[in-house]
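I have placed the structure first, in the form of structure tokens, so that the comments after it can refer back to it.
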Amino acid sequence: MNYLYHLYIEFLLNHGIPKMFGDITFFILPFCIIAFALLIVVLGLVLAERKLLGWFTQRKGPNRVGWWGLLQTLADAFKLLIKENITPEKSDKFLFNLAPILVFVPVMTVLCMIPYSSEFTFVNTSTNVILYLLLAAFPVLSIFLGGWASNNKYSLIGAVRAVAQVLSYEIPMTFVVLSVIVLASSMNLTSITLAQYSRFGIFGWYLLPCVVGFGIMFICTLAELNRCPFDLPEAESELICGYNTEYSGMRFALFYLSEYALLFVSSVFLAIMFLGGYLSPFGVYLSTLLVNDSFMSNILIYFEQAFWLILKSCLIIFAIIWIRATLPRLASFDLLKFSWTILLPLSIFNLFFMVILKYLEGGAICALF
Amino acid sequence: MTQTTLKLNLGPQHPSTHGVLRLILELEGEKILSCEPDIGYLHRGMEKMAEGMTYIQYLPTVDRIDYLAGCFYSELFCRTVEKALGITLPERVRIIRVILLELNRIASHLLWIGAFLMDLGAVSPFFYAMREREMILRYFEKLTGQRMMYNYFVFGGIRKDIDFLEDIDEILRILPSKIQDYERIITDNPIFLQRTKAKGILEPEIALNNSVTGVNLRASGINYDLRITDKLYEGFEFSPVVLEGKDAWSRYKARILELSTSMNIIKQGLDRLNENKTFEQKLINPLTLKLPEGEFYSEIEAPRGLASVYIKSTGTETPYRLKWRTGSYYSVNLLRKLLVGEYLNDAIAIAGSLDIILPEVDK
Amino acid sequence: MDLEELKTLIEQCELDGNKICIKNSLYDIVNILKNKYSYNLLKSITAVDLGDETELIYNLYSTIDEEDVILSVKVKNEAESIIDLFDSAKADENEIYDMFGISFIGNDDLKRLYMPENWTGFPLRKDYVQDDTRLAWNDDTDNA
């Protein structure tokens, strides 16, 4: 971050802008960038999901608005914007309006904590991981608020399901995160990323020793995102739309937006925990190999790191969409049973195994890499 | 603290009631304490309407009783009139009717497979099933000019000779591999098994007591297929699909297997068409058609169970009384029994597995 | 089972084609048919308005003997219910109540099915059109 800061001030001074301006804007700018990038990411994700689902089911997907349907989500977003915001008469109006706003805050905050490249983390605390776990579970609160305040039976059932689901899947997830923390001896996302560095690239990733943990974490992520096959809170064939049955217009768009933002954040988090974050899978950054100019390659490395991170999370998102196209929905009781009887013991066992691995670290195993 | 139950109105506008069925559920948590189906949102008065129409006027409307399998009701109505007039169908017409009926059955079952999996939350199988159904609908459109309400059978024959047989060959060539695809993506899917195996167990005694017929009854282990004794199917060799599972999974599997049975019948039909090349009909003048005095009853194995029609004629141009018996009507009433004690998301799967279609219920 | 044999079983009945017209208790006969002769499937109950009385036609089937039997009984405004024997009769009797206004003794669950709750008249009766005041051709100023 310091390096970027100096670059930024230098850039401003060269153009005759006082340093104070830079001092102020340097801490505001990232949030603007994040907010803007988030919009683009979500629009892209929605389009990607619809296109991919289209291809999986042998359709074309959206292809009318803009070239190759690129403007479709923009058109949909615009449509949602100009739609009427309906508040049910018997709803709790304050909570009903609060819920969609509340759902968005934690997602935005989480986005700022992610190390996109070695110098590009806006909020870098020593316990990023714990902060993430807290904030990622936060949207369920607004789901519950929205479902309760709607005063609709379908919404209520959806909301209750969402709480039960997140509660039971949060625990195995925490155990897996704990095992990664043990491996990396750190709760900082950047340190966890760097701890996965090895000369052989892909072999240093925690995916290798902790493949069970990765599986558990992936399933828990699906559950926490309310994605298929765990999309019970908004099971459309049972609960019509679950907790957001009564929402319309912009409020619905906010729920929708946050859902996809959370999808992005969760997959990035997964990539950081297990797939080496922004590290190159080859061990060496391509820009250092291809570009001779050391200054240029130093700059390019940041972009390359961000590219690797985004690519890894895109692969995870692709898998999530693929699963949605393939699997039917679980029944609610099987869902809870699956978490408590299979995932939880497995994750505890996984943690135990990781601790042993860490104990042996001084020995031969990790010295290999 | 008082404990109260939750009354949930499932439908009439709900994605998984396949139309306008309304189920009034009493829930405790997500457990169903009682279920009361409320029907009649699609009531068109088919029976009353018949009393004011001549037979040929009424003929196009009977396809609308079940818009997914219109052929069956057409055939049923024509058959009853032919029975009353003492007409026996020429061989070629009979075979053509069998081919079209079975094609229609395949289309109907395919839609059910898609809709059932949609109820369970799987998106793709719906599109796959619709894709194959589209081939059949295209063929029907080519032949009859209609995609759903064919109005192709007339008293004593059919509108015109069958054509575009190569399209049927194409359907028969493609369909088996597609069915294999369904089996691969659905049948042994652990989540699908978990949601349908041992869910919605329909004991044969209960099924019979509730007059549930068709695939639902055969999936409960009772061998009752009207096609065996049906004169229309004379000379066709096939065995009905009878499964012992009694659960939602067996009902699914039975329908998948029935696709092959139907294809087998169509294949035999195509072979026999080559042997019976001469196309003759026994058409009657529909404008002066009067049924002799008496009561006429006939039945057929429709995709959703036994369908029958009762016509009482007093010798005039219009029926004195006409009564339809449809399979779905009894399946809906079975829900009252079958859903009690189940959880909400199992209830959707169970109700879906019975293959209820509302125009058939409401008539 | 032969129709003639059945006729000897049931006293006071006559054959009309393949239809057995019953004069005495229907419930008892259906009970015998179901429990002794394994006629376990009630295909349908059909009602026909004959003017001053209504004919109820019961189509029974045995999945074991694979045989049909058709019973017919003529009733005025009340009939015997067979819901104790067949659950599906509940649905059939309800439909007949809705369309013909026949109440079944022993079935307390009769309610309007297809027609709205407050509907007057029974549509499938032959005198329905003449009676219903809401129809356009029956000008009745009281109901306007």
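Letters are used for the chains, namely A, B and C, taken in the order the chains are written, and counting of residues starts over at 1 for each.
Everything below uses one rule, namely that contacts are C-beta pairs under 8 Å (C-beta built on N, C-alpha and C of every residue); 3 or more make two chains touch, one makes a residue touch a chain.
Bear in mind that the values here come from a model prediction, so they are computed numbers and not experimental data.
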Those chains which touch subunit C and also touch subunit B: none
Central chain (distance from its CA mean to the mean of all protein CA atoms): B
Computed distance of Cα centres, subunit C from subunit B, in Å: 25
Computed distance of Cα centres, subunit C from subunit A, in Å: 64
Subunit A and subunit B, separation of their C-alpha mean positions in angstrom: 46
For subunit A, residues contacting two or more additional chains: none
Subunit C-touching residues of subunit B, taken from the complex the two chains share: 39-40, 43, 45, 47-48, 205-206, 208-211, 213, 222-224, 229, 294-295, 297, 299, 306, 308, 310, 312, 320-321, 323, 325, 329-330, 333, 337, 362
Subunit B residues touching subunit A - in the complex, by the definition given at the top: 6, 8, 14-16, 30, 117-124, 126-128, 131, 185, 189, 191-192, 194-195, 343-346, 348-349
Parts of subunit C lying in touch with subunit B, wherever the complex brings them together: 17, 19, 40-44, 46-49, 57, 59, 63, 66, 70, 86-88, 90-91, 99, 113-115, 123-124
Subunit B-touching residues of subunit A, taken from the complex the two chains share: 53, 56-59, 153-154, 157, 228-229, 231-232, 235-238, 240, 324-334
